[in-house]
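Next come two complexes, and both contain chain A; in the first it sits with chain B, in the second with chain C.
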Partner chain A sequence: MRILVVGGGTGGTILANNLARRLVGEIRAGKVRLTMLSASDQHMYQPGLLYVAFGQMAPDQLYRDQASLLEPSVDFHVDPVERFHLDRNQVKTRSGKTHEYDVLIIATGARIVPEEVPGLSEGAETFYTEEGAIRMHKRLKEFQGGTVAMVISIPHKCPVAPVEAMFLLHDFFKARGIRDKVKLRYHYPTNRVHATANVAKWAKPEFDNAGIEYETLFNLKEVDPVNKVVYSEEGTECKYDLLIAIPPHRGMETIERNNLGQGGWIPTDRFKLTMNGHDNVYVIGDATNIPVSKTGSAAHFEAEVVAENIASLIKTGIPVREYDGKVYCFIEAGYDRATYNAFDYVNLPDLKPPSKAIHWFKVAYNQMYWTTVRGLL
Partner chain B sequence: MLDQAAVDSLVEMLNLLASAKDAMSDEIVTRLARTASEGMTLLDRLTRNEGVMRLLQVLDRPESQYMLISLADALAKMSRELATAPPAKGGILGLVQLARTPGTQEGVRALSLLGQYWNDSLRELHRRGG
Partner chain C sequence: MSQSKVVDARNTFCPGPLMELITNMKHASVGDVLELLSTDAGSGADVPEWVHKVGHELVSNENVDGVWHIKIRKTK
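This part shows the complex of A and B:
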């Protein structure tokens, strides 16, 4: 049995390690071969980028060698997939090698495409890449006062990130002693301050308390970086001194090039996590089109379900679990407080009052992440 | 109902927790979490490593422990003696003289036996697949 994992992010790594643990006997006996193909030899803790942007984490704290996180029985190659031949159970990599599989797991993630909004790359700061987060931190340190505007495109990785960023901006300028010179403006594309109703219900009064202004139904159309104005599809505009953007996202280019899904999001069965029409192809993490948040947490829970099912199929011929849509996300709420958001397909999120204890839980999790991807937590 | 002493104890405990909370910082939480994370990873690797488990089984035997203690003892003595002994003169006569001492003969015999059993053990390990 040849199991091929494409993608070495949170979902792919947890899944490969989980399978390696469950199938240790089969792998040793040579009955199962577990291979991972990734685009990089480094693994990045992406949620840490937000902390880099605010000077609370150093960039090197975000990285580990991918090989050091994997079980030794996982055959790991830095050789990204260029072509998917699902009808032949094959993929072809950048180096020209062909890998055959019996079971394929696609965990290729998502990418930002700021170039899809005119003027956005030139006019806005973002914290979705290491370079961007460092540059944003520099700009925030140099900022002396004026309007800081945030604009948001959906869908994007980590749905609560813009809300967290607003609270962190408030704290950051307060700590610098210039909060009274900074106007914080938040622009969200739907008719409330967050797509998730309960998050919006919680965040709105918190914004009011922190003196954060907000405008809803603001769908990002264009940025004029020369005159420092951002325009919405609805015809409104906002002048800014510093623009922070949650840029548009898409699935990976290779997914689009291979016509596996519109926008790079692969049509996936929300319970089985198999690609529609391909029972031996699983999709996890940001690459799916299922209606859950694009977060490491969702990728984690999905990876556990898929690993358990693949192991069970090999051992007994029967899958044992379905993904219930479980997601758990921390939300930094400013003033050294945090809350969390836990929900699934049936149960809506019910946010708890923010506390310092939850903030520390989040701070601790930033380190415990490495235990999670190794398949221990 | 709680008596006054119990209430005082609870208040004392709450004060202790509050002082610990005030003394904590994000950096301390980060360091503690990192240590716990790395510790768990190390423990996981050790407990799932068959070689380490087999080594622990061997080390559980008193004779293995005596052997290690005596080896450490012998190394210390050897180190002291080497530091004070005059440099070897060399030549075949020196070797013959060394070979005539009972200690050298016992040492060679011990090394010979070690080689024999070590060889057997290695064969067995390879036979069982490492």
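This part shows the complex of A and C:
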């Protein structure tokens, strides 16, 4: 049995380690071979980028060698897939090698495409890349007053990130002693301050208390970086002194090039996590088109379900679980308070009042993540 | 040629049905009709409000056995 994992992010790494442990006997006996192909020898803790933008984490704290995170029985190669031949159970890599598989797991993630919004790359800061987060921190440190506007394009990773960023901006300028010189303006695509009703219900009074202004039904159309104006699809505009943007995302280029899914999102069964029409191909994390948050948390829980099912299929011929839509995300509510958003396909999120305890747990989790991807937590 | 597509956002909370609709609308062509399926109680009002503000056409909006079926034609 040849199991091939394409992608070495959160989902792919948790899945590979989980499978390696469940199938330790089969791998030792030579009955199962577990291979991972990734585009990088480094693994980034992406949620840490928000902290880099506010000077609370250093960029090098976000990385580990990918090989150091994997069980030794995982055959790891830095050699991204260029061609998927699903009809032949083969992939072809950048180096020209062909890998055959019996079971394929696609965990290639998502990428930002700021170039899809005119003027965005020139006019806005973002914390969705290491370079961007460092530059945003520099801009925030130099800022002396005026309007800081947040604009959001969709789809994007981490649906609560824009809310967190607003609370951190409030505390950042408060700590610098210039909060009274800064107008914070938040623009959101749907009718409320967050697409999830209970997050919006919690965040709105928190915004009011912090003096954060907001405009809803604002879908980012274009940025005029010369005159510092941002325009919405709905016909409104906002003049800014510093623009912070959540850029639009797509699935990875290799997914689009191989016509596996519109926008790079692969049509996936929301319960089985198999690619539609391909029972031996699983898709996890940001690469799916299922209507759940694009977050490491979703990738984590999906990876555990798929690993358990593949192992069970090998051992008994029967899968044992379905993905229930589980997601758990921390929400930073400033420098020293946080809450969390937990839900599945049936149960609505029910946010608790923010507390210092949850904030410190999040700070701890920023380090504990490395045990999560090793499959230990 | 115009196409029809179903966006099944039943039993989803984050990012939620309207976000799923807007995301799919970006990939649609002018003239295409998207049918959003949603179990979110607020969709019956929230979605038409967005459609009206952005200027698309609301084709139909009905609740069948607790599921909102909302058809929208992309106009720009």
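Keep in mind that, in the parts below, the second predicted complex is superposed on the first by the 376 of 377 C-alpha atoms of A that agree within 3 Å, B and C clash if a C-alpha of one lies under 4 Å from a C-alpha of the other, contacts with A are read in each partner's own complex, and residues count from 1 in each chain.
FYI, a residue touches a chain if its C-beta (ideal position, glycine included) is under 8 Å from a C-beta of that chain, and two chains touch if they have at least 3 such contacts.
Since we're looking at a predicted model, the values are computed, not measured.
Trainee: Looking at the combined model built on chain A, do chain B and chain C fit side by side or clash?
Mentor: Fit - chain B and chain C, as placed by superposing on chain A, sit side by side.
Trainee: Contacts for A:L376 in the overlay, against chain B (first) and chain C (second): which applies, first, second, both or neither?
Mentor: After superposition on chain A, A:L376 lies in contact with chain B alone.
Trainee: Tell me the contact category for A:Q56 with respect to chain B and chain C: first, second, both or neither.
Mentor: A:Q56 contacts chain B only, not chain C.
Trainee: According to the stated criteria, A:A364 is in contact with first (chain B), second (chain C), both, or neither; which is it?
Mentor: First partner only.
Trainee: Have a look and say if chain B or chain C is in touch with more residues of chain A.
Mentor: For chain A, the partner with the higher number of touched residues is C.
Trainee: Between chain B (first) and chain C (second), which, if any, makes contact with A:A175: first, second, both or neither?
Mentor: So A:A175 meets neither chain B nor chain C here.
Trainee: Touch test for A:L348: chain B only (first), chain C only (second), both, or neither?
Mentor: Second partner only.
Trainee: Would you sort A:P189 into first (chain B), second (chain C), both or neither based on which partner it touches?
Mentor: Touch status of A:P189: second partner only.
Trainee: Between chain B (first) and chain C (second), which does A:V327 come into contact with in this model arrangement: first, second, both, or neither?
Mentor: second
Trainee: So if I take every C-alpha atom in chain B and every one in chain C after superposing, what is the smallest distance between them in Å?
Mentor: Minimum over all C-alpha pairs: 29 Å.
Trainee: For the complex, which residues does chain A have touching chain B?
Mentor: Touching chain B from chain A are residues 56, 336, 356, 359-360, 363-371, 374, 376-377.
Trainee: What part of chain B is in contact with chain A in the complex they form?
Mentor: 21, 24, 26, 29-30, 32-34, 36-38, 40-41, 44
Trainee: Going by the contact rule set out above, which residues of chain C touch chain A in the complex?
Mentor: Going by the criterion above, the answer is residues 8-9, 11-20, 22-23, 26-27, 40, 42, 46, 49-50, 53-54.
Trainee: Which chain A residues qualify as touching chain C in the complex?
Mentor: Contacts found on chain A: 154-155, 159, 189-191, 195-199, 217, 219, 233-234, 262-263, 291-293, 325, 327, 341, 343, 345-346, 348-349.
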